[in-house]
Amino acid sequence: MALLAKPKTIYIENVNKTFSDTSGANVHDVLRDVNLVVKEGEFFVLLGPSGCGKSTLLNMIAGFISKTEGRLALGDEDIDKPGSDRAMVFQSADASLFPWLTVRENVEFGLRMKKVPKTERNRISDEFIRLVGLSGHEDKFPKALSGGMKQRVQLARVLANDPAILLMDEPFGALDAMTRRTMQKELIRIWRQTNKTVVFVTHDIQEALLLGERIGIMSIGPNSRISDVYDVRLPYPRDVADSRFLELLQAIENHFEE
Amino acid sequence: MALLAKPKTIYIENVNKTFSDTSGANVHDVLRDVNLVVKEGEFFVLLGPSGCGKSTLLNMIAGFISKTEGRLALGDEDIDKPGSDRAMVFQSADASLFPWLTVRENVEFGLRMKKVPKTERNRISDEFIRLVGLSGHEDKFPKALSGGMKQRVQLARVLANDPAILLMDEPFGALDAMTRRTMQKELIRIWRQTNKTVVFVTHDIQEALLLGERIGIMSIGPNSRISDVYDVRLPYPRDVADSRFLELLQAIENHFEE
Amino acid sequence: MTFYKKLLNSGVVTWIIVLIGWQLLSVGSNPDFLPGPVHTFRGMIELSQDGSLFRYIGVSFARVLAGWVLGCAAAIPVGLLMGRVTVIRTLTEPFINFIRFIPPLAFITLFLLWFGIGETSKIVLIMYATLFIVILNTMTGVLSVEEDKVRSARSMGASEWKILLHVIIPSTVPYIFTGMRLAMGTSFMAIIGAEMVAANEGVGFMIWSSRLYFKTDWIFVGLFSLGVMGFVTDRLLGWFGSVALSRYGIVGGAVFRGKLK
Amino acid sequence: MTFYKKLLNSGVVTWIIVLIGWQLLSVGSNPDFLPGPVHTFRGMIELSQDGSLFRYIGVSFARVLAGWVLGCAAAIPVGLLMGRVTVIRTLTEPFINFIRFIPPLAFITLFLLWFGIGETSKIVLIMYATLFIVILNTMTGVLSVEEDKVRSARSMGASEWKILLHVIIPSTVPYIFTGMRLAMGTSFMAIIGAEMVAANEGVGFMIWSSRLYFKTDWIFVGLFSLGVMGFVTDRLLGWFGSVALSRYGIVGGAVFRGKLK
Amino acid sequence: ASTQTAAPGAAAEVSANQQTPVKVRLAIDTAAGGSFQFRIAKDKGFFQKYGIEPEISNFAYGIDTVNALLISKADTALAADYALINSLGKGNMTVVSALTRTNEKSAAKTLLFVRDNINKPEDFKGKKLGVAKGTVYEYVWAKYLEKNHIDEKEVKYVPYSTPDEAFVSLQKGDMDAVWIGGALIDKFKTIKGVKSLIDVSGSGVNISSYLLLDSSFVKNNPDAVSSVLKALDEGIRYIPDHKEETAEVAFKELKLPKDRVLEDLQSTNYTLGFTQEDFDHLQDVKQWVENKGILKDKYELKDKINIDPLKKALPETATYKP
């Protein structure tokens, strides 16, 4: 399989994840036998109830935490640490943005770490700040921005590093319903423009259906796994009142109510 | 009009609200010319974008903050301070529950303040804890509960005081999508069972349509007012896939996109 | 968790390292200046034989405790009042932010004048040392009570007095407790000053009179006793807090604590 | 805001009340016991005429500042290290929670031995007084850096060293700053101890030697000077923080502050 | 026995009735000298024997006992001549007896330690001289320099408060010379590069110390004062034959190291009495202090002396005639 592996495809094979507490006495089996392949350029949504292990799985793909058993790879390279080919958009922009840096400085952070020269840095940050629709706000500090704007900064910051894969952990969970709707539309636009692979975590069925090409459903923890994968063959932008949309919504809702 | 006033009807007439900062120099006109009558036993939803002044209006009805101009009354009594005829369910249960009291003690708080004897208190708290579906959790502390359960405690605590009016400020805003759905159903059940007047604040159009008999739409601030009131003549429980539901949803969405 | 981690967490390793370091440092120096652990231990035995070291520890401890308890008892109501009443806070704040920079030591003579050479002046000195930190912590606690809690209590019919009793005070317990715990530290700091003048016994007195007679090993016994007294009291207090006050959100361990997982 | 509120907020009213209270208290008492404002003011003039009060203030201030700056400079790296490296934290924590109960005063002899009778030992004593509070605050700050910040920096290619420099330190600035500000308080507390030994000048020296010669009014001048020095430094520091470090989330005003709106 | 504080009004009654012990608050020092005659008198019951109920409080220095007397927290205090002269102007204090006087033997136990580069008085110019704050050594230095025609401006005083500071400073060269008495001289002799130049008699100063009482206390309770003096006299006579025991008492009560106390006892010459020489000596000190402009409060020395109780207790020692 290694020979055939596409360089930016995510392979998850029989992955288990167990947390144990300080004394080592209590073991918490979060994930068991997770299998998944996310193709290059795909928009994949992980949908599951609270606490089932969605963030845990995403953090393992990001390389932030290590698997207990199984195989996790990007192409034919095992994932064992964070890499600049993967980038995470966190749920809370407050927790992940650097409040002491301006919007521009936040977006340029990764470039500065890579010692990209200043003019080049400025060019890139300009581009992505424009892409997420924040032109004119470059010199503001995060605390002066609304929740939606902060998530845009996170997105721009991540895109500026040109990762192959975007990992998004309920990025719109804290936004109000209307801002959320706008951000979802924007994300689809940006994804189509940049052609990144996206793994998007949510527990909102409607959101999953608005965004994902495929939706992986996770079962309730402990020992959660990806129990089903739905293929959403609807064109973008999707319409919540569309009948096929509603059909799928109903189907997934029923799936959870069982 | 005073003569005709029903005792538990909320009258809001030409109410203005202005905040001014410390120095008194910067004046912030939040509400201007707000007019509204909420009838006894009605489920009224206030819908509006973030920051338009929904909470401000609700806090004025609760008597927590005072109006700048206009008339605010309950029946023919002016509202100028909090009263046990009105009760607020806050968005954040963490901020409003008493973490040092158990579920039962939280629910009994108001009764204790009114010096209701212990056996009577226990009877009432039992009843409302059962009503919100928390039987068996009486002796837990709030921090041992999930977000949804905490909101149930808030609801039980408020109901135990038997207020005529329930004021709810985005009570489900912090819950995950699935828990939220369940809570919405429960609220409708409880409302129909207890016959309270409910004023419910949200910025989620779908939530508004799922819950409200009437929906008051607030315009974007500053100088926000109730620009439209929709009458939702759909039976409960409502179905998000119902065509009339979708029609109304579309209509309100269009209203906001204008 | 492995055995080594447990060992590390217990602090035993720390103490072994400290003792070895101390011994190494002291080997090269004159024991009159830096007595090693052995010297100090010998001094400790010398002072313990007639039980006087323990009596001194007891006496100092009683003074610290009395001053600390009285200081807290005075500070908490003041802090609550300052937190609840803006006018009082605004009025007292500049004065408190002025007087808190004046060290207890500076008041020795004055307290002797005002309260005599007996126990009172010593206890008052320790009270003084605990006062401000508890006041300011309590006040901060009151100021950070969530408005929603107060509002919900009020709309459930609680009077201002009941709100204070049933909402403000329970919410502020963690802040008061932290303040009291930090103040315990400053109380121990003040004991040397308190026992410098007109004391007949106590660890501070011992340190001071050993200085006059240049008995460095006894000074070290005193220092060591103070450290142990402080450490033990702090841990006990933490333990008490986590047991008795857990419903108010107080967790155990040192104020600042490190543990391997 | 009305004129009265402004007056209240400025602290002028507070001082007027304090002065009146002080005057009333002192009227009935022997000035040797409690010199009133007038007496104290006369003492102040007496001590200022040859400029010695100002020189003393200057000298003490320089010592506090030097000790505080050096103490912070030593404590911040230690605190960062303790925060980042669990083994180090676990190893050092019991010792730090032991030694922080030992008052600086107790170390006078040792510091004299190691650093001589001159300025060094005084400055080291003040360093000691600032050390633990800054270490522990810095450590707490490091421990409360959100994991998400570190993770996002790491996935953007930052090395451990760059994470320390560009994420941990900036995030910890508010904690470090609070620690430094509190430590400024303890530095002022330690100045009397520092100037008790072999000092010819300084406010602590003045208080201490006035004690020997029973000049209560001069003691009061000393107390007053210390309070004012502390108060002013604290406000300056707060102001500096809110101007220069605002991007790190530091706001102005006293650590504990009350204002009418 | 019921106790009674010596209130002015009750004075006559108290002294008439020896059965009721008079409470006397004795403030004594723990530093060099140690005031062991007081401690022994208490420990051996001499005070009780004379109808006195002693209440002892300890202070680090003599000057602190004077302050305690000044603020009426004690009835008695003790002070060396120099501090005494400086303090007498404040409050209402009366000198009732001498407590220690320098004799040859005790003078030999107070030495001037100097660093090796000092061999003769002229060498002190430009040097750093250690002086214990608030003690008689301020005076000793001044007299010594005066005697050797050295201007005080040519030296630099380094104040210190406890002997360990002097020890360290001398060793490190932060001080060039310091006067040290009693138990610690052996320790100072061990410092490398330091030697003892002369003993205190070389300064021309005879250090003596005195017992001070609150004036009104003396006026109202002359008999109680006599009793105190009698008890002290017994204490003084007891010590020479019971040095070990005295050291035991010092350890028990104060945690003073026994060996050091024994040393101290060697060098202290406890006494009681008040002679014309005492008066002249104090007058000399006073004159000198006045000439130096140090003395702030003016007073007449003879007004501050009352040896009537001493005359009654130990007539042969009270030879001074006002």
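As written, the chain order gives the labels A, B, C, D and E, with residue 1 at the start of each chain.
Everything below uses one rule, namely that contacts are C-beta pairs under 8 Å (C-beta built on N, C-alpha and C of every residue); 3 or more make two chains touch, one makes a residue touch a chain.
Note that the coordinates shown come from a computational prediction; the quantities given were computed from them, not determined experimentally.
At the interface between subunit A and subunit B, two copies of one sequence, more than half of the residue numbers in use are shared by both copies. Top contact pair of chains, counted by C-beta pairs, is C-D. When every chain is reduced to the mean of its CA atoms, the largest separation from subunit B belongs to E. Ranking all chains by how far their C-alpha centres lie from the centre of subunit A, first place goes to E. Remark: subunit A and subunit B have CA centroids separated by 34 Å (rounded to whole angstrom). Work out the mean CA point of subunit B and of subunit E, and you get 82 Å between them. In this assembly, the C-alpha centroid of subunit A lies 47 Å from the C-alpha centroid of subunit D. None of the residues of subunit B touches two or more other chains. Shown for subunit E are the residues in touch with two or more other chains, namely 67, 71, 162, 164, 168.
Counting partner chains per residue, subunit D shows two or more touched chains at residues 32-33, 109, 113, 211, 214, 259, 261.
By the touch rule above, subunit B contacts subunit A in their complex via residues 49-50, 146, 173, 176-179, 202-207, 240-241, 246, 249-250, 256.
Subunit D contributes residues 146, 148-149, 151-159, 162, 166-167, 170-171, 173, 247-249 to its touches with subunit A in the complex. Considering their complex, residues 8-9, 11, 13-15, 17-18, 29, 33-34, 82, 86-87, 89-110, 113-114, 136, 139-140, 185, 188-193, 207, 211, 216, 219, 222-223, 226-231, 234, 254-261 of subunit C touch subunit D.
Contact residues on subunit C toward subunit E in their complex (touch as defined above): 32-33, 47, 50, 52, 56, 109, 112-113, 116-117, 196-200, 205-206, 208-216, 218.
Note for the complex: subunit B touches subunit C at residues 62-64, 82-84, 86-88, 90, 92, 95-96, 98-101, 109-110, 113-114, 141, 143, 157, 161.
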